[in-house]
Amino acid sequence: MAEDAALQIDDLHGFYGESHILHGLSLAVGKGEAVAIIGRNGAGKTTTMRAIMGLLERRSGSIKVKGKETIASPPEAIARLGVGFVPEERGIYASLDVADNLLLPPKLADGGASLDEIYRLFPNLRERRRSQGTRLSGGEQQMLAIARVLRTGADVFLLDEPTEGLAPVIVEQICTVIDGMKKKGHTVLLVEQNFHVASQLADRHYVMEHGRIVDVIARSELTAKLDRIRALLGI
Amino acid sequence: MSTQVILGQLLVGLINGSFYAMMSLGLAIIFGLLGIANIAQGAFYMMGAFFSWMLLRWAGIGYFPALILVPLAVGLIGMAIERLLLRRIYRLDHMYGLLLTFGILTFIQGLFVWLFATAGRPYPVPAELRGGFDLGFMFLPAYRAWVVAASLTFCLATWLIIEKTPLGRTLRAATENPNLTRAFGVNVPALMTFGFGVGVALAGAAGLLAAPIYSVSPLMGGDLVIVVFAVVVIGGLGSILGSIVTSLALGLLEGLARVVYPQGANMVIFVIMIAVLLVRPAGLFGRER
Amino acid sequence: MSALPQAMVARAGWAVLVAALLVAPWLFYPLFLVKVLCYALFACAFNLLLGTCGLMSFGHAAFFGSAAYIAGHAAKEWGLPFEAAMLCAVGGASAIGAVFGYISIRRQGIYFAMITLALAQLIYFLALQLPFTHAEDGLTAIPRGKVLGLFPLDDNMVLYYTTAVIFLGGFSLVHLVLNSTFGQVVRAVRDNEMRAVSLGFEVNRFKLLAFTLSAAIAGLAGANKAIAFKLATLVDVHWSTSGNVVLMTLLGGLGTLFGPVAGAIFFVALENYLADSGLPVQLVIGAIVIGCILLFRRGLVGEIENLLGMLARRSKKS
């Protein structure tokens, strides 16, 4: 996979302080692929995302973004390689209004959505653009979190639980947006607890448990391995 | 008590208030962005005054060029200090920030005492700003009017930049959530260095403005920074306009006290601080940090 | 930190301390030692608040200095004997401590430090105004009197041993408090305040008690200093004195038992050494403090304890 890989992780160990969370994780995401990491609460999925983004204090092993080694890189350097991050907590700034939240992330490359395109995709955001960022509903905040990285021209997207706690209608909208990313040829790495969403969007699924990858399931194998997946996720 | 005297004291109060505003604005930027209570702000104020004096004495460079050069010089020194010293302690408890800046204050004051002794040196009011205006009910010295106008301009310019520009937007974002802001590709560490530079440049500029009024001495910043800390506790660290308004109001109250009860004037701000703490511990405009 | 090296340092420290106190005046100038002991006790008082409540006061000169003035005034103007003057001073410092404590305890960390700084500045300005302090001239010619009504304190050796006893008493009290149930409770409060509150502890009452005690012991040191040197001045209530006690405790080792003592010895000795050189103490101390925070932030005693701890762990492994 190596040359084509947008993201290549080998033997990643990650720590929060003294706690050893990630135990020799390895995964790869090809250019233009959509890959999901699924697993129970506490499996280490968010920690993995943070590690990729350079937000984990102690990590060792190898993380290559578009072929460049980033295990020791600071977050800003990783982002500038063209990575767009949508964190689990959404991270909407309370001290900025919606428009400023949208405009904050700097342009990383050409090809990002223009402000007009964003407002066309997410009309709510235009309406609320002078509201304080955190005054938005959960669904609107999630849209904002995704919208702002669409503007930057990033082509590798890390989405951590983008549909968590949202109403089915909004979940559908978000799936449409992510599908749009895929159609543009962007790379998507998705953490999802909602298996239905993950199975809709992802070409491959990594199953994580206790900080390790325990299985890799291609889309074609989904029906065959459904029972196994249910057992692993505890559904 | 003549109106002239009262208004004169209120003007002094307004001037002090403007210095409080510039200093506390600098403190707020630094505390917000770096999480450091920069007690060395007093040292940068003093350096601003001293650099102005040195420029005039040793290079014949006058007040108006100094308005640009001095804050720039102080800002650069601040950025060097941030990169070399402060950066190493961010991962530690916040108290070490205060201890380190206290050490820096002590060192810089000691350095200037060693080089220049403690006696105050005069700095002349620039020729263009001498004299004043007869307003009928009082005589307004030109330099004092200038100081108030200049400080307010510095403060409002800072406010504008922070609230209305892309740079300010990035600064506010980095203050609220530095890690996420880095994850968007913003070089937050460099921004922090820059922010510290701006914060201390404001103190240096205040020092320059103060030089013709209060003579230039190595210990001039120490007592001032303690008052400014009290001002910051009263106003809270939530809003820029709040800090400016609080500073000016407290300066005026101090001036008023000097008219009504001169022996207590120095203590007014601290007494108000006690009262505010008992009623609103987070400060008047504060947001718990 | 394992108990073994800490206990080792503690026991060795006590032995060294008592022996040193007995022998010192035959080796060093007694008045120099008296100065060291007063500041050492002052630093211990500051450290008590830090060690129990995790609160770093930047205004302890308020208690040190006001006690100096009160003791001086009581001895000179009221003609009170030595013990009574000291008692008045400690009482006064405790009262101010209780009031300041009540106000400042509501906040923690940086805000607490800033508040204590401002409150002490209030005392400084009061001292500047009140007639009995004689402002810039200071309160001079304070009589030393007699200890226990018998031994004249004008004899420097008597003065020294009296100071040593006072110091040892205060130091033992600090040690007792730090290791007592009270000390443990307050430390529990510091480490997890919410838990302590939920367990029913009157958190603020404990903090206030610790604060007041810290102020009282600082007052004891200040009163001792005023009577020993026959002088109480504005410097004793100035923010630089508050800052100095913080810095000397930092250099010696924040939160350690003997750190403040080591720091005080270093500080007073340095001040003495530099007095003739024309180099301001501030310059040297500032540089040392910066270096200390960046490289050896545990301070002298703290780094020694840490080193012993590492050696103990290493010997356990092998």
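Just so it is clear, A, B and C label the chains in written order, and each chain counts residues from 1 on its own.
The definition used in the following text is that a residue touches a chain if its C-beta (ideal position, glycine included) is under 8 Å from a C-beta of that chain, and two chains touch if they have at least 3 such contacts.
These numbers come from a predicted model, not from an experiment.
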Fewest hops from subunit A to subunit C - one hop per pair of touching chains: 2
Chain separated most widely from subunit C, comparing mean CA positions: A
B-C compared against A-B, more contacting pairs: B-C
Length of the line joining the C-alpha centres of subunit A and subunit C, rounded to whole Å: 55
Cα-centroid distance, subunit B relative to subunit C, in whole angstrom: 32
Distance between the centres, which are taken as Cα means, of subunit B and subunit A, whole angstrom: 43
Two or more partner chains touched - positions in subunit C: none
Parts of subunit A lying in touch with subunit B, wherever the complex brings them together: 53-55, 74-76, 78-80, 85, 87, 91, 93-96, 100, 103-106, 108, 148-149, 152
Contacting residues of subunit B [partner subunit A, same complex]: 166, 169-170, 172-173, 175-177, 179-189
Subunit C residues touching subunit B - in the complex, by the definition given at the top: 56, 58, 103-104, 106-107, 109-111, 113-115, 117-119, 121-122, 125-126, 128-129, 239-240, 243, 246-247, 250, 278-287, 289-290, 292-294, 297
Residue ranges of subunit B in contact with subunit C within the complex: 37, 85, 88-89, 92, 94-100, 102-111, 113-114, 222-223, 226-227, 229-230, 232-233, 263-264, 266-267, 270-271, 273-274, 277-278, 281
